[in-house]
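Written out below as structure tokens is the structure these notes cover.
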């Protein structure tokens, strides 16, 4: 399994390193990593990981700031990541942690690590164990903060 | 008839299972199912169902959360689903239930089930009985909550 | 002249039937009609009318609801219709009537009919009489409600 | 030099005629003109001018209304024009005059004419005299209202 | 290394000249420059620099105004730049300075220069020294204003 990792220098946590650490716990994996300045550089970085470095799946890791402008950037990056997936028929697991999701730096670091690790598991499942995801269909899974759980218990 | 079902682990109701149950009531159907983490993973999942698993139509099932960020995610997913349809000349029936459409978990579960079942019928009609839809043109059909009905009675 | 008509079961007026009635008044025309559940299903429906049923022009008819969510749906549908046109080099005349443009059901029905009829004329002109449109350039034409007229009189 | 002119019947000023008048002052030019109902019809109109009528550059002229719905239309049209340019590697000079930029009809007519004329010059420069634009880089040029000028004087 | 520089006459600082000055400090570089009227002209300008003038990377430099309409323009331009990158598998370093980020003309000029210079360095690293960016992954880099720094110290 060959996994691409694209992260940013803008983020305030080394999400790429965390993703790689987690992936290695779960499977024998070849990693192709690239770091770009900001989240709007991620779509083409992912496309190059898929087409030029033959990744079967990519994790796109970023940390949008808390201003309105940052929210627009995140929206643009997400649209680009979806388009990239459609152009390549390849999943990209977007892991964005918005700075204003956390109450302080400590929680931000925790959230970024936790969400990255849980999504690294999702990346492995998407490629190797799709039935694992199907078993969790409709169960209100969340990455980072606690799961919402199913509506009917 | 081969139908793709793409749903999420984020949703709080097993919409994929409901869709499959309903489809089987209406027609002899081959199902290809995939479950992904969230709604932004649906566009490429649908594209793969169409191109790699030869589905004639796909149902994309998801349950966006109630925060502003979730609304943006739903918007991005919808744009991706429309683009996917244009790239493949294949209908994707989007079934999104916004968590804030329901007043509590019980209504949410009811709404998700009802809307999924009604849209499963639409999927069958789109492929096998397009004249059935034409007969209902301009009659104010809704999926889940009651129909609005025609403006002129 | 072969015209595609795509409308919805969501709309509260049979806009497709009105469009066909109007088109037949103006020219000898072959009609290809399809009805889909909602406006987000229109882009791919139009693409199929163009590519699989060889329409030279398509009318996309819909009636977005009055909630914020409905406005977002209309925006997504419009973006898809523009993309579809760019992919096919074929005009699609979008006829959307927003439920909140009218003060009651009676006005809504009137507006939907009037706008559909005026846009059906536009569709004919786009294909057969482009000079007619050029003569009206910059004259503040509106479809449904009264024309705004030119700024300089 | 072959220039495409796409304008609308919705606009309240004959922007197409003004653009043609101005272009002819600057260079020997072949004009291909098309008028469409509204600004959302412009992207495909421009694509056809480029691909079917072999224009080297196109001016897309429109006048969005002052309501929120009109702003969304303008946004959709602009996105389509950008996509069209990317698909054709051809510049489209967008000249949009928002009705609410002017305090009355008289100013609206003046603004539409002035902006159209200044952008017609830009179109000529983009194709024939790109160095002229480079000389004005970062000088705060505006089309219609007075230039903003450079930040450092 | 061949770098494309696309800037605008709308900007109030000669960002293109600054970018070229900075690039030449870091590496032996061939420059292809184009100046367009506004930021919405940048996506196709970048595409032409990549496809017709064989640039390996492009800097897209612009200065959106402070009105709501300008923010929408910037959003459209950014979406186009991301799409352009996906179509060409080539990085475009977007350097946008919003007029309302600075308190006066003097700070605006300073910010435009500083951000342009720091992003010129990023462009060099993206092509020639990708490991330099990887070393800064997750360290809260900013261009122009001070770095945010890592969340964990």
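Order of writing sets the chain letters: A, B, C, D and E. Residues in each chain are counted from 1.
In this section, a contact is a pair of C-beta atoms (placed from the backbone, for glycine too) under 8 Å apart; a residue touches a chain by one contact, two chains touch by 3 or more.
Everything numeric in this text was worked out from a predicted model, so none of it was measured.
Superposition angle, subunit B onto subunit E, using Cα atoms only: 145 degrees, a multiple of 5 between 0 and 180. Homomeric contact subunit D/subunit E is classed as different-residue, with under half of its interface positions used by both copies. A straight line joining the Cα centres of subunit B and subunit D is 40 Å long.
Averaged Cα coordinates give subunit B a centre that lies 25 Å from the centre of subunit C. Those residues of subunit B in touch with two or more other chains are numbered 79, 83.
Taken as a graph of touching chains, this assembly forms a single closed ring in which every chain touches exactly two others. Around the ring, proceeding from subunit C in the sense that reaches subunit D first, the chains are ordered C, D, E, A, B. Listing the residues of subunit C that touch subunit D in their complex gives 71, 75, 78-79, 81-83, 85-86, 89-94, 98, 119, 122, 126, 130, 133-134, 136-143, 148-152.
Of all residues in subunit A, those touching subunit E in their complex are 7-17, 33-37, 40-41, 43-45, 47-48, 51-52, 65, 69, 72-73, 76-77, 79-80, 83-84, 87, 105-106, 108-109, 112.
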